[in-house]
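Letters A, B, C and D mark the chains as written, and numbering starts fresh at 1 in each.
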């Protein structure tokens, strides 16, 4: 159970060295947020700035999001999922492998703030975190310790690849993966009637504002112009029409298929707490079942939608 | 011969797949082609096939684009129902006299609506379906036939035979029927002649043993093929003919009329039957949902071609039983089915019941073809196949005459196609001065620029006589069309495709300043090019055209529902208008073609390719990595026909050295490659850069180094090539040896190399015969798994047995055991016939080592061409494009493609050259039209489009954004559908256009 | 039987299924008139967005058909398309779209009978699904009756 | 105007009379589900920190149909359009926080001013009586005071309500508000001192905000050209959550949607964080990168609006963007940077 302060100092030490050696022009990591239970991306360019780099149980945003198209040498503080995203971006020509240095942090999962707020409903004014196993939240007249295991994000609960195996270095020992996502809930959903499933998904996205925070927080969504912003022809209406909204989520799910590393950045970013990853999980299940592929697990694998096997199965095609 | 006498036209006799390929290669290389076909339509035997091995491609699907291309080619004159009467003259200048037999249909009027057939009362056995069902006396040969024109079977027509009926003339809406049609003679001049008359299936009628004549449930393989075919008598349902039930157990009997001099007089192997039987067995099993039990009775399984061995393995894995036995008795059962009697391994006699027996008949030369050969003075072999030599595999005995396809020996489709291209090259090698003297070009006015003009759509709704108008209310469609946005003009036409309608459309375009045209008529697949020409003639860019198929997709299929059919026609017209309004003129750009070829590999293939190109007037550069040219042929003693390879090779090398158009660079390889079709720049390891328009890869292959049978331990154990070298040098070891053991399939047909090396059996049989002839006392054993002396090479196998060569079969599980004592080799083998263990003490053992690919991964990547899993270069299409790569301007030849004997290597080299000539012959190439383009503002550079492009037409530029090479793009649109941000768009099929269609469909 | 007549958008590749439909016409093989065909060069051109657009605009069904695997005129177009189809089929089925509304087939240009059978089958199954009320955009509420 | 008091026992009756003949919207739900809804006068929740989203959608919905049209040539009048706006009905909203009310008043000046009146906004705004509920204990992210407002601010309200021992205090702000209160069971009571006391306590709890006067004093172009923007924007994902949640963001995009029958012209919330927001028909985009877009947002809030609206800042300190921002871009930090002299703000 490493203390966060140990991880912090190791990250800072590595970052300082990388900047000093010229191995990186910028180190992208996390710094403390301005309100409890938040972190903010930090771009350290000078060794002195490295002191602000931290590790946290709230390092939820996937910093690989900042890589595509970035010129120059860059070091990235990355969890397992983030590192896999970065690997995917290398495969997809978004950054040169030689320009990338991954400071891998073996992760123990990140906290879902909503679960904390559900456990402690009083206004939280302060957060104390010293280890990656538990946190203490404080407010007027209370101090509550919460076990991280009880408030992990959904994707972290089923993350089998918490250690960024392809990182250039690891901060601390490898961490064991959780039970892999067995898609049990998705499979259970598939056992329901089509009407129930349709109702489920429509209800899932009924609050969607079409703000596209999920897309913008996603390291896969680096298209210069997203299909939702396309105007000739316009794929999607701009109103909050439920079918347009559903179409956005379906097509995003499709676009992420075979590429998603289940980092959960989309769900973290969603301001109305939609489980947007549900669409990706359906496609990921298909990808795994059909093509036995998981994104970001090696530097040279071909994403499933860039290739085919002549004997790919598709019995539903008559 | 004085060049001014040379005629720039070629006669191609036979409209099968070989003839079509030859015609297209000739026409695309600047020669006018007369294609003479006896029947109503081209397509030949291949049009009768359901699927093709080993890819199970749909046969009709893959030839129909070729049919259409031949049918529409401005420089191919199609003479159907035509017989050749005589050909006089000499090479370069022949006079051909033909008889055009009456069709009784005016082809310029017939619109192929089929009304005549519906009314014709005379039923005739349908030879397209192997007489398994009936057609009418007025008919098209098959639905996709080219030319798609009806014809009358004069022998069966009531009007022509008895003067009665005449209903076809009455119903014909186009007044195309002419009962007074008469045969006509015609003469024309050509410079050379290609004969591709094809074959007939051997008819087992008088083959009593197999009871074909008197048992309904004994059928031929081609009949079975028709049963399997979707357009066949049962529309693809596998039935037992006696009662129409689905068979549960069936048998294929191989070598019916092949490898048989006993009853059939056909000593040769027909080369294709093993594969087609496996194919038919697999497809039949598929059709039955796997429930069908299939046995194949065979003597040797001859799956020697590319991917054939895997196909065989796949069949075994699918549960198809292979029984090595020649069936001695077929006994029809009282009601249905037959009992088949045979003797299996170990001499055990068995009898089995089958619902259906299919006779895998051989390929034979028809009496007509035999007569043609005699008439034209073409020498044939004792099987009536035209004679050729290994070194000039498509040249016939009479100068100026060339042959391809089964005419020169039994062979499969890709070999026929290769030979056809080779024949096109050979047939024009002396006609170069007359190139492009007789060919026509279409001159169209430069299109007016309509960019920026608002769309002004003209809609023409075709009545097609009554074909459309009897079902669809065409007036209503027109009135509706007039209400659609941008429609400036809409009208009904009687036959939109008729000459007068075309002229009217041209004048209306001008009168109404129409800048988009929609024709609601028939299928764009058949008629789009015609209307595009009309647009071009009116000065409109031909891509400003859209078609609504209200006949094939509407009136013909909804005849019982005129209301809905009319509504559908309106919707379809609306969809076409919606798309048309968004069409933009597409530019076709012209790029220069560097008229030089780079030939990679200086073996027999490479040298022949370069010489063929030179004979066509094109320069080439040959790169050979060794210090000498000739490749593996340097080591070969003689061909299976007994020709001296060394002598041939010497003359070949000298011709190359003397040829001013050929530069031979020895000791060099390809270093760097840039460019694309027409404009390659290849830098060699010598540092020099070659600019070339096409590339021919002929890098060869090598002999496998055996790791068994004491090879490398005992110097009396040698490979086939080493043995050839010993024979060449008259080695004492060969002369002094008394006992020879040949071991076949050393390293071939094994799990790590699941292919047949194709050349070994023929070569071994030939070598054994030679040895025996020189030294009749020599004891020769050939240890084999299946003897694969295909085609006429079967004669060698027979001769070897007659001379006393002993052939002993072994299996992969029971390989011969080699041991050594006191320097003597001891070979132990189990004879499966007697069940006894044989011991041989050979003085020499010759191993038929596999041919292994060079696995030229780097070269393949440099030119963006693929390799298959065995490392052979992978052609664009295994059946119809055997020497092309999918990437334009790239061709392949020789054993870099797959092992093959020298005659086939040379044919393939000539073919590659012929295909290359179709590119090199045009000083400029037109590119563009319906191709993809990239909006770089939307491109993230992720490379999905690059990965999914089947033609390597997309690459990332220096900014990391995708860019399309229009010269290589074929317009499939894979890129446009795979990109997440829609950076690529396919011209002519843009997202906006297709969205507009979807919107108007609903 | 209901008298509901579904609206179906079909996407056919030019070389195979469009050809099969042509051949079905030549052979006068009748089938229900409920679908409208968008001709594509290749199923590889089929952007999954087209499927969504058809449904959004109120299609009761979508039918996509091309060359059999291995028969692609463009060598590999339908192989790539097949992977997209797998995803689209699974995704839409998962979110509750009746798979009978989204149909796929491989029909070669020679298989006119298969085309006819498939056309009938597609229409029949979409008919059985009933009108598409859940997986489409609602009609615009124009409120123009009183004005016009 | 005098203050009023509703005793706890009279609250039910009070809300009933508010709902009399009007729609009554009150905060419902908790956490991310807390929003203004019509739930009935007996279901009023006084115990919430703030609605998840600002109340602007009550006046400026995310999607709003403006008109319908068709071009059917078979109709006598082939091109007709029908105004679909202004279906507003008398409404009372209870429970708008003072920060949000301040936001509404800022937007109101955008939609209704001496040059232009937006009928769609106007109808709803004028038919709605806005009753605020003061924030006695502000949340950690709150900083209304720093932006010139107050947890007890009155701007944009008709009535300010505040909790008092044993009941609910009410301070009418407008005549319309007082009129409404008079129709209820609320009784006059002098609570002026109570308000002052509560307000002081609440402001103190928020902590001392930074003085943002340097922004007001700085030249616009100086602020605009300040090099810190690149670094400030570096974190930004351009997702637009801030704008969707902001009580004063009011940009919209006009769209037509068509079907065979005709079409609808609608307006939808837009966000200056989007590439599409400023892209021209030519493809040119005057705000090509996120730096320009981020600058636009903060300059708009902290400089342009004050310039146009007599010094009132476009940020009301509700704190939603601070907590909702996926990467925690905090407008307070940005404001601080804008206050710095150029050399220091680069850090």
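FYI, a residue touches a chain if its C-beta (ideal position, glycine included) is under 8 Å from a C-beta of that chain, and two chains touch if they have at least 3 such contacts.
These figures come from a predicted structure and were not determined experimentally.
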Chain occupying the most central position, where position means C-alpha average: C
Between the pairs A-D and A-B, the one where more C-beta pairs touch: A-D
Furthest chain, CA centroid comparison against chain C: D
Gap in Å, rounded to a whole number, between the CA centres of chain D and chain A: 31
Computed distance of Cα centres, chain B from chain A, in Å: 52
Where chain B and chain D are represented by their mean Cα positions, the distance between them in whole Å: 73
Chain A-chain C separation of Cα centroids, rounded to whole Å: 36
Residue list for chain B, restricted to those that touch at least two other chains: 937, 948, 978, 982, 991, 995
Junction residues of chain D - those touching two or more other chains: 257
Contacts with 2+ other chains: residues of chain C: 48-49, 53, 70, 76, 80, 84
Touching residues on chain B, where the partner in the complex is chain C: 50, 55-62, 64-65, 112, 114, 143-144, 229-231, 235-236, 523-526, 549, 551-554, 556-561, 564-565, 567-568, 571-572, 575, 876-877, 886, 930, 948, 950-951, 970-974, 976-978, 982, 986, 989, 991, 994-995, 997-999, 1001-1002
Footprint of chain A on chain B - complex, ascending: 937-944, 947-948, 956, 960, 978, 980-982, 991-992, 995-996
Residues of chain C defined as touching chain D within the complex: 139-144, 146-148
Chain B-facing residues of chain C, complex: 7, 9, 14-16, 18-19, 21-31, 33, 36-42, 44-50, 53-54, 57-59, 67-68, 70-77, 80-81, 84, 108-114
Touch list for chain A against partner chain D, complex: 33-36, 38-41, 43, 61, 65-66, 114, 117, 121, 123-125, 140, 209, 211-213, 215-217, 225, 229, 231, 237-241, 265, 268-269, 271-273
